[in-house]
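You will see chain A twice below: alongside chain B first, and alongside chain C after that.
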Partner chain A sequence: MPELDRSVLTSSPELPRSRAREILSNQQFLLFVVLIALMTYFYTRNHYFFTVGEFQNIFTDFSGYALLAVGEMFVIVAGGIDLSVGSTVAVSGVLGAWVMNGMMNGHWNQFWVLVVGTIICGIVGAIVGLFNALMITKAKLVPFVATLVTLSAGLGFALLFAQFFNSGQPVGNDPAAAVFSSKAIWVFTYPSIFIIAIVVIAGIVLHLTRYGRYTYAIGSNSFAARAAGINVQRHVGSIYVLSGFLAGLTGMFYFMQLGSGAPTSGDGFELTAIAAVVIGGASLTGGRGRMSGTVLGVFVLTVVTFGLVFINVPPAWTQIVVGGFIALAAALQSLRPSGRKSA
Partner chain B sequence: MSEREAVLEVKSISKNYGSVQALTEVSFKAYAGEVIGLVGDNGAGKSTLIKALSGVHQPDSGEIFLDGERHNWKSPQEAIDSGIETLYQDSGLAPDLTIGSNVFLGREIMKKGLLGKLGFLDQKSMEAEALEDLAKVGISVPMSRRTVSQLSGGQRQAVAIGRAISWARKVILLDEPTNHLGARQAQEVLSVIEEAKKRGLCVIFISHTLPHVLQVTDRIVVMRLGQVVKDAPTSEFTAESLLASITGLSELQG
Partner chain C sequence: MFDKATEKVYFSDNVVSGGMNGSSPRFMNKGNQMISLKNPKGAMRVAGTMALAGVLSATSLVALGAQTAGASKTYTIAFNVGVTSDPFFLTMRAGATAEAKKLGVNLEWQGNVNYYSPATQLPFLQSALASKPDALIFAPTDTKALEPITNQFVAAGVPVFNVDSGNANQKNIVSWITGNNVQGGQAAADALAKAMNYSASGTYNVVIGVSSVTTSTDAARLAGFKAEIKAKYPKIALKNVFATNSVSATAISDINQALSANPGATGTASGLSGIFAIDGTDAAGAVAALTAKGKLGKVALVGYDAYATSVSQLGKGGFSALIAQQPYLEGQLAVKAAVSYLKNGKSASAAGIMHLNTLANKVLTATTSASVLKKYTYRTK
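Moving on to the complex of A and B:
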């Protein structure tokens, strides 16, 4: 048999990538530049921006969105979408508050009230996530519709529970929790430290472990993942449970901020979470993106929102600026080389 | 049993999709070190058959034997575990993952010790071993951690085939491996098939490109409307007679 020349397989035509494109396609770098620029601008407008107190506030705002965006990141990398995280915050916060209120009336130790409350909120969130998972993997609803169902029904349940527990008012009254959650080490409040630790662990799981690898594989080509022997349905289901769980923990976070569980907390948060993931450079078609990008995305959104209020810009402008960021991020994505369509 | 045993035996399997009879009583045998061409017009049932053999779908009736042992795969994982690898048409790889990640998808190399038990991947070893495995079957792809989406069509196909061959222990199913490839790249794919044959694998090669089928196979199984209509050594076919049995013209002409 004649020896075949394999040079065709070895010599790959280098992709035409200009230097400018290279830099533009590094979204994390761009985001970082934007972040520095924003902070510099806010500082020039008001020198009190760079104080420990303000950064505590920024990190607190950041913590409220971070876990939602992290959960959303897993879902989006796997090629799905979770619209229900805001409602999950509400329903877990209200139910958790009810349990914690009962414990306080039973004169439990404050510390254990918070520990049990965190666990309850996490479990309630995971159960909501399980509903999403079952609708998507068993009833075969597309993720957008399934989680839209939960977005609507979840909020309804949160309002019903609040009606039932406390005639529609926020449930529970735990000023000690609010005091505890404002305690801080330098710029990080206690809850922020807890949440940042979870974000770091989630990033490690997504990028360095088999669980994360399967998440990318499914989002990139779910048929290939299934053909490679991955149990796609189970993995996808677990991701929605994870997203719900993280939203449940966020419910606990807002309970601690307010000292009570309000059915309206979490309203519209799903859009912020999705925006952060998109601004961070992840692709809504799945398979692409880095956790560091999502974290930067949350941080940029937090700083913009906080900073514009800080320099007394009317809040309506915040929405417009956020919209602009999303548009910019989407435009950058279309610039990036995509080998998907070329044969 | 004087004859050598078939590595893969399909006994009268049938499959319906609703009212559509995709496979009707399909039977054939395949031996180790043999390349079988599976041909037929669109809708003849080739892809359905491949999906049944690779565990993606379960046949409604019939039996599949591997080395004389009856199997009823419920998932691709079970077929893979039995020693069958499949290259699917156009969609066998995850474009956003690197070459190494794709080659090892579903059987990742884990870090040693506690980290590995916690699920941590040994990415370095995977990238290095993937290139080694691919080189062994005669495929060299550019070094560096490129994602598959950055490779050319021919390179992607080479990686997909190399992945299948380096993992296969008994049977390898190739669904249109030369599709969308240039003439020269297609020849290289065919030589990789020869390599798999030399390794003693049973190769089932599906293609619409009849010259490729005639060039590389030992035996050809022709399907039409979900049934096997002809099963004969490749030497008994000419380009014309093969085309005739695919389209059914041979019967009309007597």
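Moving on to the complex of A and C:
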């Protein structure tokens, strides 16, 4: 936790800032260059890369990680961490699938099934987030431990529910949802349009509203934020609920992809979300980072992960390349002039 | 990270009750004092769910424990598997439970609910060893890592049986009942070639989805598949083998990539002709991806394991073929072998037990008769 407001340092004119350093420090610009280079490389390996169909795939996969990373972004900017999002995807997907399956057996209209399913998944996610919030703000557990509890227990519940509803197999069978989720306007599938809209709103909230400014303030220095009259406890609690809610919606997204709620969906996704936020330039110590960086981070991870599959590279390499990106992002952060990019 | 001055401690006079085993979730703060939630209303809903789940798991445990039947000597057999939530092992459990009931022995079913790894399996085996069962049947999650604990069982006079997967060193294993995964992979290659209408004039691009290339069963199936196409189908090109770590969502993404990378007509060098989904999660992902892209029935799909949902899609253009194992029979035969061994003075020859009992896989297709489908479909009862 930075004890000093570092913006004071950046604004002092006597600090030397070379031009090269400044370009290097613009992590988003670099990420963008890397992204274009990657895509060009994939194109040279297989010319079908720049097709509408492939970009639909990319935006679909992007959507799966995007909401998790956005929720994680809020948490990380506020100086916390949320490890539970992967399990939240699983538990909300399984419970949502159970409700939707019941509605389908009752011959509800498919549209309303999906609407209610989305609401249920969001609520289940928010409840998991609330549990995190209570453990952190009331029971005073550190976020890492509190969300580790829900990561573990959440997955356990997802498995228990799946066992109870469908003897351990994925719950529900709704192939129409899978078909609907692949319908697209140009490169944007229906779910990805919905999710991109949420990402834009989240960006506006983080950068242009009081809620966002409080988030940065708490992440920079929670003592100062409290002294400035911010209800730190309530704000931090609400961020974990938000992160849970977005993870719940992601559970719905994967239900639609698969046409059923699988307890294994979301396994390990929390690390992908955190990786995207870090690659996007946010600092794990809080108070620093931009939503556009996180969005680029998710995009780079998606293109790397599935682009390598596209050109038939063995899966182990994907992990290594992603690791390389995280190392690069960390190196850039240490190079960067010690100033806050945003507040 | 938060203001220390606001930290409050609430002593446990109104602890939120509920939880897995009726215990109360209590939170330890830095001073190791028991504290409870200040306002437990929000947490109550979660706690309620936890309590419900606790009841559920308790009921299943009671059901499991109720199999003790009266006999001159009631044997207790510890049965330990990789992942208890996997439908494959659930089916095996059903077979083992039925046989145990029939023979009047006590069955202790154990295993990690989700993680297929020796590290998570070992504690269950250690506690089984402490409870001194009459016999141990287990499916090792690693060919080597569980040999030391196996030796401890043998040293304690507990005969050890393998089911499904096996230890690399089979010397001190009484009997190993397993499906033939290499043969399963070969059968999958044959079934896929047939479904793609293989002819020497075409080119057939194929991808395989595996859970993990290091899982012994997946590796054996993959090896069988590769050997078969090398020997019999030179025009089948294996484009990619991707690992999904048992996450169906990843399988969907991977299949989508394979479809986009090979958008041409099936049977040509630029098209995707076939998919071999090596386990259930890959199969579910492949079906979802093909359904969404309108390619179901156009791209040949061979799956492994006869899950009920997969079998129901056989006739409807979903799966071209399924390679069915016999987990129910594996469970039954393993318990039968163990009891027979115990009743015949711990002599394998007297009990008539084979050291290695390999059960054939069955290829299920749309033309398979309903009765055969029913026989091979995995069930949990």
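Structural remarks
The rule is simple: the second predicted complex is superposed on the first by the 325 of 343 C-alpha atoms of A that agree within 3 Å, B and C clash if a C-alpha of one lies under 4 Å from a C-alpha of the other, contacts with A are read in each partner's own complex, and residues count from 1 in each chain.
Quick note on the criterion: contacts are C-beta pairs under 8 Å (C-beta built on N, C-alpha and C of every residue); 3 or more make two chains touch, one makes a residue touch a chain.
All of these numbers come straight from a predicted model, not from anything done at the bench.
Look at A:L130: by the touch rule set out above, it reaches chain C but stays clear of chain B. When the shared chain is aligned, chain B comes close enough to touch A:R210, but chain C does not.
After overlaying the two complexes on the shared chain, residue contacts for A:L159 are found with chain C alone; chain B is out of touch. Between chain B and chain C, the partner in contact with more residues of chain A is C. Using the contact criterion defined above for the overlaid structures, shared-chain residue A:G287 touches chain B, although it does not reach chain C. After overlaying the two complexes on the shared chain, residue contacts for A:G229 are found with chain B alone; chain C is out of touch. Of the two partner chains, neither chain B nor chain C is touched by A:V321. Of the two partner chains placed by the overlay, only chain B lies in contact with A:N221; chain C stays clear of it.
In the superposition on chain A, the residues of chain A contacted by chain B and by chain C overlap at 1, 223, 226. In the complex of the two chains, the chain A residues touching chain C come out as 1, 46, 48-49, 51, 53-54, 57, 60-61, 64, 79-80, 127-128, 130-131, 134-143, 153, 155-157, 159-164, 167-170, 173, 175, 178-179, 181-182, 222-223, 226, 232-233, 236, 254, 257-260, 262-268, 286, 305-306, 309-312, 314-315. Per the touch definition, chain C reaches chain A in the complex via residues 1-3, 6-7, 27, 29-30, 35, 37-39, 42-43, 45-46, 49-50, 53, 56-57, 60, 85-87, 90, 113-114, 213, 239-243, 245-249, 252-254, 256-263, 281, 284-285, 288, 291-294, 307-309, 380.
Looking at the complex, you find that chain B touches chain A at residues 54, 56, 75-77, 80-81, 86, 88, 91-97, 101-102, 105-108, 110, 118-121, 138-142, 147-155, 158, 180, 182, 184-185, 187-188, 191, 194. Listed in rising order, the residues of chain A touching chain B in the complex are 1, 4, 6, 8-10, 12-13, 15, 205, 208-211, 213, 216-217, 219-221, 223-231, 287-288, 337-340, 342-343.
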